[in-house]
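Structures are listed in the sections that come next.
First subunit A sits with subunit B, and in the next complex the same chain sits with subunit C.
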Partner chain A sequence: MEKIIYAIIANAGKTEQVNDYVTNIRGITGSNLYALHFNEISVAVSDFQSSKFIISKELAIDFARVIEELSQQLTVLPIRFGTVVKSDEIVKQLLTDNYNAFRENLLKVENKHEFGLKVIWDYDKCSEKIRSKVESEEINAGKYFSKSTINTNYLLEKLKKHRLEDAVLKHVELLIEEISRFLAQINPDCKFKKMLSQNIILDGVFLVEKNMKSEFIEAIEALKQQHDDLHFLLTGPWPPYSFVEIQIDK
Partner chain B sequence: MQENVIDQSKDITILELLDRVLNKGVVITGDIVISVADIDLVYLGLKLILTSVETMQQRRLTTIKPNQPQK
Partner chain C sequence: MSENKILLNSVPADEIKEAIENIENTVTSRINATPDNADHGLAQLVLTLIELIRKLVEKQAIRRVEGGSLTEDEIERLGETLMKLENKMEELKKIFNLTDEDLNLNLGPLGDLM
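Moving on to the complex of A and B:
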């Protein structure tokens, strides 16, 4: 029977307790969840017949439910959805071959929650404010061109556009710097992308100590109050999906 | 309006969840992994709905913000 792998688990030598907890959770498609162990790490798996089920959004959501339930009591590294192997032996081999990497990563996420934060603005509205500021600073055409022609007018327009884009980017950089500085009081590990699109100026994930959860949420609330023109989209707490840094090619 | 906001939040949470489950976590590839068909279709669907999050949020900003007191 094929096996679907859900998560790597830190067992701290308490394999019986892990067994009890894991077997009380239902796997996807109503399967029985169970744990396999190697030294201080375990892995949660269940039977899965890939030819029998249609892979769907609902199945992926149910898979996430299993990981969520596991993470409520255990330190876990989620496995990407759809990882199916032929037997328990292969799962055990994966566990032993990658023991150190799993262990190090588990230590990094122990007692921590992941939060997602997207900062969104209305690009047109915000860039309009910046535009009026930029346009108030006259461009000295003589500095760039010796005489005025259709071409120079075109190039001046291009230059204005470039200056606006530059000013928008600088404005975003300052905002992100301010947000990062503000959240540094919580001291989370973080990863983020700037200007994911014209409207999403920050797409970040934060790894926050469980006992700092309320402080983190309050800090985001405070940022919301300070920035009326930005929308802060906070999600979580999540199992530490984004702080798993293991890729295995077998 | 409130109900609409709640619906949007629920949609966004599901999108965030799918993004994590499909794109993140321990990645195991190679001959030992059985290829599960149709996962690409879930990815594709996710990409399509992700673009709608932005639109949804933008609409929300333009519809809600004007009624809020300016600081």
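Moving on to the complex of A and C:
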């Protein structure tokens, strides 16, 4: 029977406790969840017949539910949905071969939660403000074009557009810098993507000490108060999906 | 996302609705070629790539103008070429009934292409 892998778990030598907790959680498709162990790490798996099931959104959400339940009591490294191997022996081999990498990552996320933060603005409104600022700094056309023709006028318009895009990006970078500086008091690990779309200027994930959760939420609340023109969406706590960095040795 | 996962939200409801719709449309906003519309799907793919390259060329050209390394003649030719390229793209978009949004693919977690 094939096995689907959910998460790597730190067991701190307490394999019986891990067994008890894991077996009380229902796996996807109603399967029984169980744990396999190697030294101080374990892995949560269940039986899975890949030929019987169509990979669907519902199945992926149920898979996330299992990881979520595991992470409520245990330190876990979530495994990518759809990781199916042929037997328990292969799972154990995976644990043995990657033991050090798993341990290092588990130590990195121990006692920490992941939070997601999206910062959204009204692009049209905000870029209009920046546009008036950019346009007030008149471009000296004579510096670039010695005569005015249809072609140079076209380039001048492009030059203005280019300046506006640069100014918008610079503005966003300054905002992100300010947000990072402000959150440095909580000292989270973080990863950012900026300008994911015109309106989402920041899509960030933060790894925060569990006991700093309230302070982190308060810090975001304070940021929100400081920036009327920005909208904040803070979610979590999540299992550390974005902070697992392992190259699996097969 | 379960309700209790939202810790703080100042995003207006209509923007959230729009964002959800965008996510749901991500799949359909990708190049969607079927046996019935293969030519349209292919045109969208090709024009998307051309538009991406055209915008990169345009950016590079503007940098060169700003850098002041071009002669008067070169600037004239550059302006004319970029204008013709943009006009040609507009024509092609009309022919294949495509909009700017059609040529800006949503790459999921990587964001928009352009």
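Just so it is clear, the second predicted complex is superposed on the first by the 249 of 250 C-alpha atoms of A that agree within 3 Å, B and C clash if a C-alpha of one lies under 4 Å from a C-alpha of the other, contacts with A are read in each partner's own complex, and residues count from 1 in each chain.
Simple rule for what comes next: a residue touches a chain if its C-beta (ideal position, glycine included) is under 8 Å from a C-beta of that chain, and two chains touch if they have at least 3 such contacts.
Quantities reported herein were computed from a predicted structural model and do not represent experimental measurements.
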May I ask you to decide whether A:220 touches subunit B, subunit C, both, or neither, giving the answer as first, second, both or neither?
second
By the touch definition at the top of the document, which applies to A:55: first (subunit B), second (subunit C), both, or neither?
first
If we overlay the two complexes on their shared chain A, which of subunit B and subunit C does A:159 touch? Say first, second, both or neither.
second
Classify the contacts of A:82 with the two partner chains as first (subunit B alone), second (subunit C alone), both, or neither.
first
For A:151, is the partner it touches subunit B (first), subunit C (second), both, or none of the two (neither)?
second
Check the residue A:233 against both partner chains and state whether it touches subunit B (first), subunit C (second), both, or neither.
both
When both complexes are superposed, which of subunit B and subunit C contacts more residues belonging to subunit A?
B
First (subunit B), second (subunit C), both or neither: which does A:193 touch?
second
Contact residues of subunit A, present in both the subunit B and the subunit C interface:
120, 197, 199-200, 231, 233, 235, 238
In the complex, subunit A touches subunit C at residues 115, 118, 120, 143-147, 149-152, 154-155, 158-159, 162, 193, 195-200, 203, 217, 220-221, 224, 231-236, 238
How about subunit C: which of its residues touch subunit A in the complex?
1, 5-12, 15-16, 19, 22, 58-59, 61-62, 65-66, 68, 72, 75-80, 82-83, 106, 109-112
With touch defined as at the start, can you tell me which subunit B residues reach subunit A in the complex?
12-14, 16-18, 20-34, 36-39, 41-42, 45-46, 54, 57-58, 60-62, 65, 68, 70-71
Listed in rising order, the residues of subunit A that touch subunit B in the complex are 2, 5, 8, 50, 54-57, 60-61, 63-64, 67, 77-86, 90, 94, 116, 120-122, 125, 197, 199-200, 228-229, 231, 233, 235, 238, 241-242, 244, 246-250
